[in-house]
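In the part that follows, the structures are each spelled out as structure tokens.
Next come two complexes built around chain A: one with chain B, the other with chain C.
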Partner chain A sequence: MGTLTDPIKNKGLAVFEDLPDSRLITQLNSCVHCGLCAETCIYYLATGDERMIPARKVDLVASIYRRYHTVAGKLFPAIVKARDLDDDTAGEMVDLLYGACTMCGRCNAHCSIGIDIGFVIRTGRTMLSNMGMVPATLQSTVDAALVSGNNMSIPKEEFIDTLKWMEEELVDELNDPQAVIPLDQPGKRVLYTLNPREPKFFPLSIAAMAKIFYAAGESWTLSTRMYDVTNYAYFSGNINEASVIANRLWDEMSALKTQALVLAECGHGSAAFRWESPNYLHQKFPFEVMTSVEWIARYLRQGKIKLDPSRIKETVTLHDPCNLVRNGGIIHEQRYILRQCVENFVEMNPCGSDNYCCGGGGGQLAMSEYNERRIKIAGIKADQIRKTGAKIVVTPCHNCVDQISQINFHYKLNVQIKTIAEIVADALILP
Partner chain B sequence: MATIEIEGRVLEVDGDGFLADPSVWDENLAAAIARFDGIQELTEKHWSIVRIIRNNWLEKGMAPMIRVICQQTGLKLREIYELFPLGPARGACRVAGLPKPDGCV
Partner chain C sequence: MAWYQYLTLISLLFCCIVCLMHLFRLIRLGSPVDYATPGVKTGPAIAYSFTGAMSPVKKESAYLHLPTYTAGILFHLGSFLSMIILAVHLFSPIITGFLSWPVAVFLFASGTCGISILVKRIIKSSLRNLSSPDDYLSNILVTLFQLATALSLILPAAGPVYFVVSAILFFWFPVGKLRHALYFFAARYHLGLFYGRRGVWPPKPR
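Coming up: the complex of A and B.
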């Protein structure tokens, strides 16, 4: 007798009911088992474990659908490989859909018939989330955001103290009392967001972006109520919680009457907010939304900021965050910026929309139980970086920064890791 | 749950090597965890950071902001990053025996 009671099981199976369209069912019925996806997946490439082939993960979800929603699956489950949703199946789903997928979408891009594999994985995660089976380590980050307003539970006064501290440093460095970090100011053009790891542990990227806004003469503000760009419920698969978190940024935009929301360098945060939240919330944006990478590129095109590439002598390479690049289509802007920032820029191979994931996506950084796997699959990224010969790796995603920092230590790469804002600030010619 | 063995003691840790029970921490464990991270000997600068993190944890139940560490030790941000190559969270907080902080760290 398993522990999955019928009411719990039914919550999981609800993802197959009352569907608004045929999108999910089409994806579940379409795999032709050609096997092309195998060689695209960093988990399969690094481990050779066939269970980790993307098509196998799709089939895991599809086999449950077949069991409960097709005649053959109901009558002859063994013949059509339909599976009961029981303890074994659910345990395997947790291990493979949470523990062996960074939701990087590389399999999607190579699928011979265009199945949205990432969407099927997310649906599988939603099933598990409905059944209360999100790994506790991942859920803890979601809960922190829901309860405290940011995913690291930073108290408001400590957040403010940190920004005041950064502002003092900036005023000193630029020798201008106008070099401020505005807080909660209504009616500005831009509301900027942060990844909580910036104020908590890595605030140099905040100072870097403030310096860029200063140089561009931007009218901007941060909010002390809602500044968190992340949305870990996008990873856990709980759409209700993802909606609550996304909705807070919408509310803050209207509370502060700001025209444009600029998202900090965060792959999944950009995906969850810019590309998913209109679906969660069933409405169009009444304001402009852009990633800071695009926003900085726009400053360069408009001549609002100027860069001196001769300051950075080292060879620089770029890591493409999956959510921003493959899934979001922001491919050229970071290259346009970097070519004006540094003299010696080299690409990884492969790069752009075919780049390998750093191994930290999909919530992997939060899930300690899969740490060993996460470091193992990152060997692919370590090799890629090493082959470029670069001394600086730039990446527009704080999650990738953290994963690459660990790769750097573990695989002894001896590189520096920077965000786009940080390297732009290094090259910035001040007015 | 994974375990590590330090000086004959078998201790439970999470998958990232953070102590499962922060209360078992002592200075010998801190030195041993630091050696896993390639820090052969904790200097006075390392200890000043570790003590602030530890005290903040005992008083407030969370890791301190990096601002607090900088201002109380007088160390520059970049020095802290150099002292703990795995960073303030996976490096310093782990040495100080805290659970892994939530978020992208």
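Coming up: the complex of A and C.
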């Protein structure tokens, strides 16, 4: 006797009802099972496990759709491989859609038909989320954000202490009492966000961005109420929870009456906010939204900051976060910045919108049950990094920083890992 | 008209009606409303999705699998050609003459490509495990259709077999995976729209 009761199943199947547009049925009716997407996916490349071929993940969702929504699937399911949504199917979905996909979207552009595989996998995650089957580890990260306002449950006092500490360092370094980190100040031009990993583990990256704002003479503030740029509900597939989290930043923007929201270096946070939150909330942004990478590139173009590339002599390479680059269109700005702040910049191969995921996306870093798999698939990124001969890996995403740090340790790469703000701060010529 | 031609006509009519139903549903549901739409035109990205993005230089599914990709292209060309020939044959006597031999040779070649794809599906375990009976059936029907078309061009007596094979194909077409012939266009449209809105496609020069 299965544990999936009809009411639970119906919650999962609801994703196929009342479709808002033709996007989903298009993807679910398109796969020809040619299998040519296999080598696009780091999971299959690294493990050779056939179950991890992108088409197999698409088919998990599409086969359920066929079973309940196509004539052939209803009349002769065996012929069209239509599957019931039962315990076995749901269990396989959890393992493959949560545990074997970083939602990097690399397979999309290379699919012979052009199926948006990432979207299908996210739909599958929404089905599982509707049925209460989000892995507990991932759900606890979402819950932390919902309850405490940030995904690491950092208490407000601890957060303020960290920022004050960084501010003191900044004042000392710049020898200017005006070099402050403004908190909760209304009416500023920019509200800057953070990935909670920054105050928790990498506070120097906050100081780096503060230094850049200082050099550019920016009018900016951080919020102590809502600063978290991440949105793990985007990965869990729970659209209601994703909307609640996204809405907080919208609210904070209006509370502080700032004109522009600058998103910290976080691939999925940027994608979730920049591209998904207006659709979660059914409204267009009433304010400007930019990633910090674009913002820094703008400073450089406007001549508001100047960099000295001779300070960084080591070979530097760049890891492109999937959600910022392939799924977010920010491809050239980080290169434009890096070419001005280091002497020797080398690309990985492949790179840009074709880059391989580091293996930490899709919520993988939050799901400790898949740690072994996550480190194994990262072997591909380790090889890419090694081949560049670089001593510094720059990546504009704190999740990628975390994953590449683990790769660095596990695969003994012996590289330094920095964000764009950190390397820019290193090369910054102060006014 | 012989009975087998009527049979083919009925199957074609069925195929067209069901495909039109799919098409109307796609049109009725329409494009996604995107509140995050940036101020860029998505037209060039959609055009790129159907052109540059499909090129074997850009698609890993093509350049890592050139023999399969080439066989697939020839197989599809053979299908389109066979459909055009079927449309002619339904309303006029079977074509004979100097053109029929080269066309038949091409269709034998494209049919052979179909067989090679089928063999690959059978022997490669990752593909076999991905496949459903529909995948084999669809391949076999399209391959037979091309081979029967070729045969009918050089051997008019094969006409009844040719029309019966065609009829079976068009009954199965909108039911099984062959309906990707319609959804392919929708998929490329959506992908172009997605990457266009996000400024990924068409690729910008560095």
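Just a few scattered comments:
Just so it is clear, the second predicted complex is superposed on the first by the 431 of 431 C-alpha atoms of A that agree within 3 Å, B and C clash if a C-alpha of one lies under 4 Å from a C-alpha of the other, contacts with A are read in each partner's own complex, and residues count from 1 in each chain.
Just so it is clear, contacts are C-beta pairs under 8 Å (C-beta built on N, C-alpha and C of every residue); 3 or more make two chains touch, one makes a residue touch a chain.
Since the structure is predicted, the reported quantities are computational estimates derived from the model, not experimental observations.
Touch criterion met: A:Arg197 reaches chain B, while chain C stays clear of it. Once the two complexes are overlaid on the shared chain, A:Pro20 sits against chain C while remaining clear of chain B.
When chain B and chain C are set side by side, the one touching more residues of chain A is C.
Judged by the touch definition given at the top, the superposed model places A:Ala260 against neither chain B nor chain C.
Contact with neither chain B nor chain C is seen for A:Ile8 once the two complexes are overlaid on the shared chain. In the superposition on chain A, A:Ser368 makes contact with chain B only, not with chain C. In the superposed model, A:Thr162 makes contact with chain B only, not with chain C.
When the two complexes are overlaid on their common chain A, residue A:Val171 makes contact with neither chain B nor chain C. By the touch rule above, chain B contacts chain A in their complex via residues 14-18, 37-38, 62-63, 65-68, 70-71, 77, 85-90, 100-105. Across the complex, chain C meets chain A through its residues 22, 25-27, 29-36, 49, 53-54, 58-62, 64-65, 68-69, 72, 124-127, 129-135, 137, 175-177, 179-180, 183-184, 186-188, 190-191, 194-195, 198-200, 203-204, 206.
Residue ranges on chain A touching chain B, taken from their complex, read 137, 140-141, 144, 151-154, 158, 161-162, 165, 195-197, 199-204, 230, 266, 365-372, 398-399, 402, 405-406, 409. Residue ranges of chain A in contact with chain C, taken from their complex: 19-23, 25-27, 29-40, 50, 53, 55-56, 59, 71-72, 78-81, 108-116, 119, 274-279, 281-285, 326-329, 331-332, 335, 353.
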